[in-house]
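You will see two complexes here that share chain A, one where it goes with chain B and one where it goes with chain C.
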Partner chain A sequence: MYFELLENIAQNNGMRDISPYTKLLLGLGCILIVITSPGYIVPLFIAITLSVCILGIGKIPVRLYLTLLSIPLGFAIASVIVIVLVTGGGMTVFSLQVTNWLSLSVTVESLNEGFFVFCRIFGGMCALFFISLTTPMTDLFSVMKRCYIPMVLIDLAMLIYRFIFIFMEKAELIYRAQVMRLGYSTYREAIHTSGDLAGALFLASWNAGEDLIKAMDCRCYSGQFALLSKETPLQIRSVLLICIFLGFCCTLEVITADYTIIPVSI
Partner chain B sequence: MHIMEGFLPATWCIIWWIIALPFLIYGIIELKRILNQNREYLPLLGATGAFIFILSALKLPSVTGSCSHPTGTGLSTICFGPFITSVIALIVLLFQSLFLAHGGLSVLGANILSMGIVGPLAGYAIYRFLKNTALSMYITVFAACVVADLFTYLMTSIELALAYPAEIGGIAGSFTLFFGIFAITQVPLAIVEGVVLTLVFKYIVQLKPDILVSLGVFPKEKIESARSEF
Partner chain C sequence: MTSIILEAREITYSYPYGPPVICGISFHIRKGEKIALVGPNGAGKSTLLLMCNGMIKPDSGMILYDNKPIQYNRSFLRELRTKIGFVFQNPDNQIIAPTVYQDVAFGPVNLGLPQNEVITAVSDALRAVGLDGFERRPPHQLSGGEKKRVAMAGILAMNPEVLVFDEPTSMLDPQGSEDMMELLEEMHNKGKTIIISTHDVELAYPWADRVILMEEGNILDEDIPELAFADKNLIRKAHLSVPILLELYMELVKRGMKEVKHPPRSVLDMIRMIESDRHGQMQMHCEACGVIHIADCDAVPAGKFLSYLSIHTISAIGAMGNRAKTRLKEESLYPDFTYAVIDRCILQAMNGKNSLLLTSGGMLTSAHERIISFNNENNRHIRIISVPTENGAG
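Up next, the complex of A and B:
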């Protein structure tokens, strides 16, 4: 399924051997800059540079990346339309009084705001995809351990991570069996069958999980997973390069703070 | 209901994180306590977490900077209480934002607050209120799940309205708009979710009643009498 795919890509991407700290520094730094940016130029700039990084250095297929990006951006466009209609200020371009408490209007400022929010989502999404496409979850677990996140939390996270895959496996098995026995032939039948699927799925994965923990207990599981992580040393050059890039973005943020897509003063 | 990465301005991201943190810290302490008490709970914790992940990944687009989907938090609220549920929600939402680009890291605080704290707290309140009445156990579970789901969306609408108040009508105006749009898709979804989770609960009563008794979810007599009906 979809997220299995993302994990697979992350395990085999071109930046697999770069230290996860370096990648997180770039990804999280960009998210921080994007959400604090007062203008639309920096988020757009970050979106484009990170996309080039993901495609060029990470060697993610272009078509796949575009498909991945199109889903959240579709959602983003729908939400931006609402913001444009609801917020206001400046010259009115179009206005519609729906009921006495709600009026929808498109103004210069709301268009600017809408475009700005869209760029911020675009930039944020690219930064998020940068992290999820280049850094496998297993690497993130060892980073979390190093950052003194409570062990019980990481433990539960790893368990849920494993359970999600058990779930998917069982879901596919049960679903196929149901389809073969004509479980989804009519609408009524389908509702009944999907209820059964949910219940059976929960119990099946619960049992599988119990077995998993019993098996681990036999191997002296003490409530802490032993993590074997490949230690990749931090490369000073790439860290410096990222710092320069982030610094450049901050400067750009200050310079382009007042830029809007439609000039306000007309 | 997941708000997207970059959708909220930085100040709101920070405010929601600050509100969510105490709940998470208390949740982690609570989690440590029950796991020290009995390790048997671990598989159930994992299964409810994965269940929340799957249910809340089934999203329908909704035009409010967000989307509609079941939340699935009701069951773990009833079994483990709202605080541990908030920790599970933290993990699930982190995975969703990294695996599915569903939600985001900067808005994680806001998403935890709606799906992991406000929804479960409301569901838990209903559950505690109905727990010791003569009402059927299944109706209690159903009501708690539906309420947890609806309050999650109520909170998300508040979060969105605070960040983007309407020109006319202000915060209240945009709240009505956001919640109105959510309600169209969410009320039927919440009911479906309630039915599914009640069914799952019924399976648990049928096959593993001991764990419910040891967690003190329902009085023993109630579970025994429900079992004798099968």
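Up next, the complex of A and C:
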């Protein structure tokens, strides 16, 4: 369901009419900077600015954005806790002797490290969401062509994209029909019914494939796929702005490389 | 009579290891005809239609297009499929590409048209089905009716001579079905030959020039709708029902109404019949007859309709064709009729009410002709007023 939801948002968001290249430049640029950044300030800064962009310009509902973010950030927090507990160095802030062979301790350095990792994930996720919430797949196909990705792969990607939705619709219909007739009532029954679902879906996909070939034949397929003719023009101004922003981030990265959330040397 | 465009001679077909689906059928279709293939589920309608553009090869017998037998090799079939466009029953089976534009462009691109011709073909086709502005939408976000239109546009973009529709109104709501039939009428006005399969007798009855009744792989009857649907035995055999209008007419005849050569095909025909039967040639005073205002929706400048409507007393607006509908929407007006528009405007006029008929292109003349011939046949004087365009005095 999430894929469909994300696509629908991407098709209707406030930045729909900005060239996909511009959006990709910002998104991918930010991801690169976040990955290379040695300090926590730049990733945090990028996370916040991109979130503001997504919510403000993209007009994505705040609740929905937070729900989406909570999924990866939940994982991030779980792993950060482990990192904080297992890494060491610096002054010990808190220590707990669980058994005589295992002691968990939180040190200044582990706290810094944990927070840094969290910011990195946060920034990276924001950049990824920025791309996926504002750039629909259909625009990316044209970008792929420009990047000299072989046409065969793009054609396949387009067909897959189209059929994912048909597949999901079919799956939902079959699933509903099964639930309505008490398909998943017991554990044993659930295993059995999900097997049926898989089988029915396999047959449905097979048929869909045959129908597709028929449809393509009917419409004189000779190995060519159209791409969107109207590409939104690249706006020099926004590209320049993005370059300035990325440059600023890089500079900030150098300046704030040594900053930590808790001062190490006392 | 026009020349024969499609002909079948004694064709038979059975699916592998299955019973025969088509058992020795012969028929012919002339250029510019509107044919409805009517029959119950499993009568072999879809199979027969798929044979028309060479998707299925008959086991025996032959099919001729333009008096040339179909050859089942790649180049011939390719050529044939550009001439005969096939619209599937389920648009999800036909829509291939991830956006509306790409899907409609699929045919033209594969025909090898240059980019700018592809763009015009696509925008023309989308305008014809009333979907301009949908270019970048992905198909899974569209409604059933819109998907059906996309599928149609994809075929129209290849500019075929014959259009074959398998169940064009299935899965559509009544309004959607009427819009679809209107669209077919529009295509027909542009000179296309149209073949549809359906089991909706109410839609086929007023629309078709000729009906082919099918049952279990055989043709039961092949005639004009008034006759094909009037034979109760055949209709029962084909699991269909007699169209209400025709049934009403037959019941009235049983009760002593004068029988006519052509049973009524529309409400207008019926009203006319009843009137002339009851009062002889009832003649209204000319003042009592309503006026039909006809407007060319491409020529009348924006904002003109509102002022026109405020000057004249007009009780109903009819929009004929998609251009007219979009145009009315732009003016934020709503049509009262979108289907069988001329008939309904005449009905209004017979009732002493004025109406405004909005249309474009070739349908303008056909509207004029239809009203004039109605006047002549029935000795009426329904006045037509053309809504002045930019050049004319307001």
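Note that in this section the second predicted complex is superposed on the first by the 246 of 266 C-alpha atoms of A that agree within 3 Å, B and C clash if a C-alpha of one lies under 4 Å from a C-alpha of the other, contacts with A are read in each partner's own complex, and residues count from 1 in each chain.
Here is the rule we go by: a contact is a pair of C-beta atoms (placed from the backbone, for glycine too) under 8 Å apart; a residue touches a chain by one contact, two chains touch by 3 or more.
Because the structure is predicted, anything quoted here is derived from the model rather than measured.
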Where does A:218 make contact in the superposed view: on chain B (first), on chain C (second), on both, or on neither?
second
Tell me which partner A:8 touches in the superposition: chain B (first), chain C (second), both or neither.
second
Tell me which partner A:132 touches in the superposition: chain B (first), chain C (second), both or neither.
first
Output check: A:141 vs chain B and chain C. Expected answer is one of first, second, both, neither. What do you get?
second
I'd like to know which partner A:161 touches here: chain B for first, chain C for second, both or neither.
both
If you stack the two complexes on chain A, which partner ends up touching A:87: first (chain B), second (chain C), both, or neither?
first
Looking at chain A, which partner touches more of its residues: chain C or chain B?
B
Do chain B and chain C land on any of the same chain A residues, and which?
7, 137, 159, 161-162, 166, 212, 223
Mind pulling up the chain C residues that touch chain A in the complex?
53, 55, 77-78, 81-82, 86, 88, 92-99, 101-102, 105-112, 115, 118-119, 122, 135-141, 154-155, 158
Can you check the complex and tell me which residues of chain A touch chain B?
2-3, 6-7, 28, 31-32, 34-36, 43, 68, 71-72, 74-76, 78-79, 81-83, 86-89, 101-103, 105, 107, 110, 117, 120-125, 127-129, 131-132, 137, 140, 150, 152-153, 156-157, 159-164, 166-168, 171, 194-196, 198-203, 205-206, 209-210, 212-213, 223
Residue numbers on chain B that touch chain A, as the complex places them:
4-10, 13, 28, 31-32, 35, 39, 42-47, 49-51, 53-54, 57, 61-67, 87-88, 90-92, 94-95, 97-102, 104-106, 164-169, 173-174, 176-178, 181, 195-196, 199-200, 202-204, 207-208
Can you list the residues on chain A that touch chain C in the complex?
4, 7-8, 11, 136-138, 141, 158-159, 161-162, 165-166, 169, 208, 211-212, 214-230
